[in-house]
Amino acid sequence: MSMNLKVALFGIAREIVGQPTLEMVAPEGQSAQGLLQDLHARYPALARLSSLAVAVNNEYAADDTPLREHDEIALIPPVSGG
Amino acid sequence: MSMNLKVALFGIAREIVGQPTLEMVAPEGQSAQGLLQDLHARYPALARLSSLAVAVNNEYAADDTPLREHDEIALIPPVSGG
Amino acid sequence: MLRLRSAGRSFLLTHLLSSLIHIDLTDQPIDVPTALRSVEADGAGAINTFIGTVRNQSTGRPVVRLEYEAYDSMALHQLRKVAEQAAERWPMLQKVTVVHRKGTLYIGDVAVVVAVSTPHRAESFAACQYIIDTLKQVVTIWKKEFYEDGDVWVAAHP
Amino acid sequence: MLRLRSAGRSFLLTHLLSSLIHIDLTDQPIDVPTALRSVEADGAGAINTFIGTVRNQSTGRPVVRLEYEAYDSMALHQLRKVAEQAAERWPMLQKVTVVHRKGTLYIGDVAVVVAVSTPHRAESFAACQYIIDTLKQVVTIWKKEFYEDGDVWVAAHP
């Protein structure tokens, strides 16, 4: 089984990927870390960032957080507000 | 030899003494501490304050600072600005 | 005035918090006096405010302008969480306001204002500093610096 | 911007300091926005401000009003010394403003404003807190609290 994920991109991650959202097909139960591994493979420049987190429904996700089809998923490069 | 000193009073020290300035006759070379001892004797309520400092020309005076006739002398009860 | 524990937050508490915590993310210039007035309280003897402005240089390089981009919904959610954490840690906190700017900013423009009120002063400094320090670690806002000859996403690379 | 050592302060340095340190003691309401604007600087990314206001109670006793009395010449001299000490300790300080009110104040009135600007934020908190903490120890201003049924010179007795 697979699921469709929509990943929002911001800042330098958006620039590296070249678009503000990515539609991805992922295996059912894909973890946040699994998603990052897929993205690092497709966009090697993402792996060179100081950090890259996954957010699910406005919260930072742990590595093993399972993703679900209707989650609001986002890639969070190093924040620099303030 | 003696000298005439004028001592400015503020806050609770002014209220204890009942006037904003005191004219005093003191021995030549009287120290800040000597002045305080004279005042404690005349106004025992001053001795009950948390602290009482002498200022000379807008600076806090050390105990042994000698007072001079034309110095600007003031009694400084515990400050409570801010 | 804010007294809460991490767990078992009641409806009343949540309601109280939302009336005492004011969060905003805006693409308009921040009105600093309004932000300060918003934390006034009769029980507060101390107000501490941090204002972050755009400096004319960054690590020695002259800055022309900045652009702030935000993941709005998460930024607002995380800002509120940071303010609530401060209210848990300093239960005497009276009011908290955090306003962050986004979009294009020039030298001297205000990027962020944090204002807190407490009965006594030491806690106002500690809570305000906690909020700005934590904001910079977790809130999903990104700053791009523009120089005469290039631009950089701040903190993006090691 | 302020770079000085305790000893051997030159004429130029003294002149610089006086243009970057603004001290006031006033019997008129303090204009907080003006005080904040006075520390803006292109090299400052951080402004920290402490505002002391009149609380509605003191150690549990409802306060009706306060009266602040000052030994003006010494208070102004000591305020300036405190600001100069902060500039020695934090040489990156850009500007400092300290305004203290005197006379009769009511609940919510602003008694004191300290505002400092620095390139980075940690020093703005530290310098501002140093100034208000030291002010409270050395500046010749006295506060009398008035309650429904009496009055007290604050801190006068052990």
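Lettered A, B, C and D in written order, each chain numbered from 1.
Heads up, the rule we're going with is that a contact is a pair of C-beta atoms (placed from the backbone, for glycine too) under 8 Å apart; a residue touches a chain by one contact, two chains touch by 3 or more.
This structure is a prediction, so every number in the text was calculated from the model and none was measured.
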Of all chains present, which has the mean Cα position farthest from that of chain C?
B
Distance from the CA centroid of chain A to that of chain C, rounded to the nearest Å?
26
Where the CA atoms of chain A average out and where those of chain B average out, how many Å apart are those spots?
72
Go ahead and note the Å separation of the Cα centroids belonging to chain A and chain D.
48
If a residue has to touch 2 or more other chains to count, which residues of chain A qualify?
82
Chain C touches at least 2 other chains through residues 52, 121, 132
Report the complete set of touching chain pairs.
A-C, B-D, C-D
As the complex stands, chain C meets chain D at residues 32-33, 36, 40, 42-57, 107-108, 119, 121, 124-125, 128-129, 132
Touching residues on chain C, where the partner in the complex is chain A:
52, 68-71, 73-75, 77-78, 100, 111-112, 132, 135-144, 153-158
In the complex formed with chain C, which residues of chain A make contact?
8, 10-12, 15, 48-50, 55, 58-60, 72, 74, 76-82
